[in-house]
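In the two complexes that follow, chain A is the common piece, with chain B as its partner first and chain C second.
Presenting the complex of A and B:
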């Protein structure tokens, strides 16, 4: 019994260490004053952050990442939420479970396969090397996260609340706006955060569909690490991690506040 | 269409191959309190959901106030619905919940706040107006749900086991409150429950459902005293079912031979035929201890259970077992003793097996 407890704790800490160690290994290097991405760190400075914001390639890639990330978040959240609304409460129908599987497919299909297909298709429709093309590509892999998150919340929420609203005189679109969506908000928000993070992180599809003008931060890090291993990568990684964490925390807090209201 | 306010006209509902409601015909008068009573799966909630508009009948028509409503969406039916789990909106305060139906009807702001205040006072929750539903007790949530379903002055209120989640004391209080509101506001109430006591104490009429069909419909006393089927007799209250065959019929009195060949006399009804098999229902409180007028039976006590306000005796006699309720002051002999019991022919009610 006691042995089991101890081994649980040991295994847990090892797993957590394994997951977090790479993050903690890279983060301090963002503050090095050396020109090389390695330990030991001779001294601390913020020169690599200045590099990120001043060097044109890095600045451009950050802006690109933000444009594409926001576009993807918007599109994936709208589409994913609509998809989840359509899929809920119909688990028993084989047609719907098929459609649900299709929605989730981009999670398991190798990105390389998707990338090749998209490159061919986008070239045909004039979307190759365009922001819209990259946003669509990222949306495809971002939508499953929104669908899963929103669907979970919707399936956990009580259908009777919507019936009650209808019986009290609310037309279907009012029920959607006043009851269904506000109740699904936590799922929508976490889905949106996931979609944004997915877009930031996405390299493979970007390699296939983006042109030189849509080079994202992740893409830039990827090529920098091949060309010259600069600590700017660590600084970019730092921005990534801190940025996504802050967004996630802020959104979670705001949802919690709006959901729970003032609790004495 | 005489004085019926709500009418179910040959309404059936099936889910796939499963028939949930079969050819229901039911008229509900204006201002009437009708309970739909039955075990779970008897179709009573489905009937309520069809009336509210959340389910569509597979066939048949539903009328309300001489208008056909079965194709009308729920938000145009103007019926107040109180759900079993209250279905209060968790992201709104108590007063926002109650104001919701008025907001949907475009009531002016001043009028709304005035009526919300009155509704809160009616259910004695004025102090909790700004709380969220999650901060209220079950009974308080129930009262908010009632206020919300009544504030827009619907003519019909539908209640789906609204008291099921409350403890016994609160439930009895709410039963009285709802009955009082029904009388005071002249509401038409359709009340779904599986609790027979609730149905007996609150209703003008009770419809007893089983397997999607009405077994019997009538006033509480008709249902309790004159159950038409074995199912109704057993579902409403406690009863003793006595099986036998008709030995002879003499005017309005029939002689029944029990399975152990003892005979008892009962009131003859049209459907009794000499030689046919019959089942009788005798309520436990109608059986008296000791010899008396009417029928007497020699029995043996097999168990005595103390209930506080009464004693319940389990007896064996006449080839079967009987339950008898008796005054606790008349302490009977103990288990294993023999006991004479008696009951009137008029308290034996023949039911369809």
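Presenting the complex of A and C:
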């Protein structure tokens, strides 16, 4: 019995270490002053962050990632929220359960397969090597997260609130604006964060549809790891982790504040 | 009835924008890719007169003068160098030697305006087999050539399906490698994930939070960041090797990067959450009284585990395995960055055909193989989770 307990603790600790160690190992390297992405760290400096902000390739890729990330978030959130509103309460109909499966399919299809198809099609319709093309590609893989998040929140919310508002004479668009959307807000926000994070991290589709002018931060990191690995990777990774965490925290706070406001 | 109908219409109107978006930008690209795998329009486009003239030929008698006249006419008409290049590539891939033959013939044809004797230009034109290739290429705009080549098959001169001679193509090797690597990653995920989920389900409070947090945190972290982290850890002068050497376990760095070991380690780390979470959600649903009950009936813990817990948890293990295996099949980034040339999976080969070799037919055919395998696994996964919802 005691042996079981000890082996549980040992195995659990080793597994937790395996899961977390890589994430924590990369962060301190962002502050190295050496030219090598390796331990031991000879001294600390912010030179690699300066490199990110001053070197043209990195600066440009950060700006591109922000442009494409914002475009993707907007498009995916609008389309995904509408889709989720349409899917709620229609679980029984086979048509809608099929549509739901279709909405989630982009998460399943291998990115390389989708990338080949998009490259062929986008080249034919003038979408290749354009910001719009990259935003569309990222939206396709980001939108399932919005659908899932909004749908989960909507299914957990009380439909009688909307029925009460309607029975009190509120027009459908008033019910939507004053009741349904505020109820769905936490799901919409987390869906938006997911869509942004997906766009930020997307490499494969970007490889296929983006031109040199749409090089994103993730794409730049990918080729840097491949060609000439430098601590700028760790600095970019640091920005990635800090950036997504901050956005998630900020949006969650704003949801809480707005919900408290609407309750009062 | 009309209220229900109206509701359905409103729902349909709400899902319509996303549905249209996905049809245009998700389904249509996939369709384009599949079409490129089977479409073969180059020869018909470039050689319209020959297409006509060769359609009546029985492919065994010697080439007629109409055929060579039509072919000469077609060659004269091709002014688009891109089209000509595509034609040369298409014919040369079916029979080696066509590149020099066609280029030589084109120069000769362009030099004179009147009829020309092809066998005088090159005596290979008296050889039936070159004409057969042109006849096959112009006979249809659809081909199964790429799909067969994706699994190392080809049609021989009589049209029967045959295996490609050993060493000519590596597609089957790549397919087998992709499956074995995905299997290895799945097995590693079960070995780590199953005990991990059992421990997480057996403890409570902060311990469970910590264990689940350790699974969820990597899931939220960028895939690139995680792959970069493994790159740093696994390199010859990385933390793992310096620790091993410090401990005196090895005197020379163990090579962990740019080989199979590194790819499996990094992919296991990336995909482990997809194994742990389904198993965990099944395990927490099992009543806590079952194991003590088995023990009180005299079952040894090992027997109780095998006879009670394992069968109940198996559904979670299968769901998790399907998810991991399915994702591993299509992996691109991790093998591309951590693996060496001999660890590239099917995705890398597809990317090579598409971006490197501009061979859309092969990219599409291999893509189709990967797509079908993934979707089949996904259907099985959906069936399993639907059954679980029906039987609470």
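Here is the rule we go by: the second predicted complex is superposed on the first by the 242 of 264 C-alpha atoms of A that agree within 3 Å, B and C clash if a C-alpha of one lies under 4 Å from a C-alpha of the other, contacts with A are read in each partner's own complex, and residues count from 1 in each chain.
What we mean here is this: a contact is a pair of C-beta atoms (placed from the backbone, for glycine too) under 8 Å apart; a residue touches a chain by one contact, two chains touch by 3 or more.
As the structure is a prediction and not an experimental result, all values here were calculated from the model.
Judged by the touch definition given at the top, the superposed model places A:225 against chain C, while chain B stays out of reach.
In the superposition on chain A, contact of A:244 is made with chain C only, not with chain B. Applying the stated contact rule after C-alpha superposition, one finds that A:158 touches chain B and leaves chain C untouched.
Once the two complexes are overlaid on the shared chain, A:105 sits against chain C while remaining clear of chain B. Ranking chain B and chain C by residues of chain A touched puts C first.
In the overlay built on the shared chain, the residue A:26 is in contact with chain C alone; chain B does not reach it. Of the two partner chains, chain B is the only one that A:183 touches; chain C does not reach it.
In the superposition on chain A, contact of A:38 is made with chain C only, not with chain B. On the side of chain C, the complex with chain A involves touching residues 7-8, 10-19, 21-22, 25-26, 28-33, 36, 192, 195-196, 199, 202, 207, 210-211, 214-215, 217-218, 220-233, 235, 237-239, 242, 269, 272, 301, 326, 329-330, 332-333, 336-337, 347, 350-351, 354-355, 360, 363-364, 367, 370-371, 374-375, 378, 382. For chain A in complex with chain B, the touching residues are 158, 160-161, 163-172, 174, 179, 182-183, 258-264. Chain A meets chain C in the complex at residues 4, 8, 11-12, 15-16, 18-23, 25-26, 29, 37-39, 79-80, 82-83, 85-87, 89-90, 93, 96, 99, 101-103, 105-106, 108-122, 124, 136-137, 139-140, 143, 147, 197, 200-201, 203-204, 207-208, 218, 221-222, 225-226, 229, 233-234, 237, 240-241, 244. Residue ranges of chain B in contact with chain A, taken from their complex: 52-54, 73-75, 77-81, 83, 85, 87-91, 93, 100-101, 104-105, 130, 132, 135, 148-149, 152, 158.
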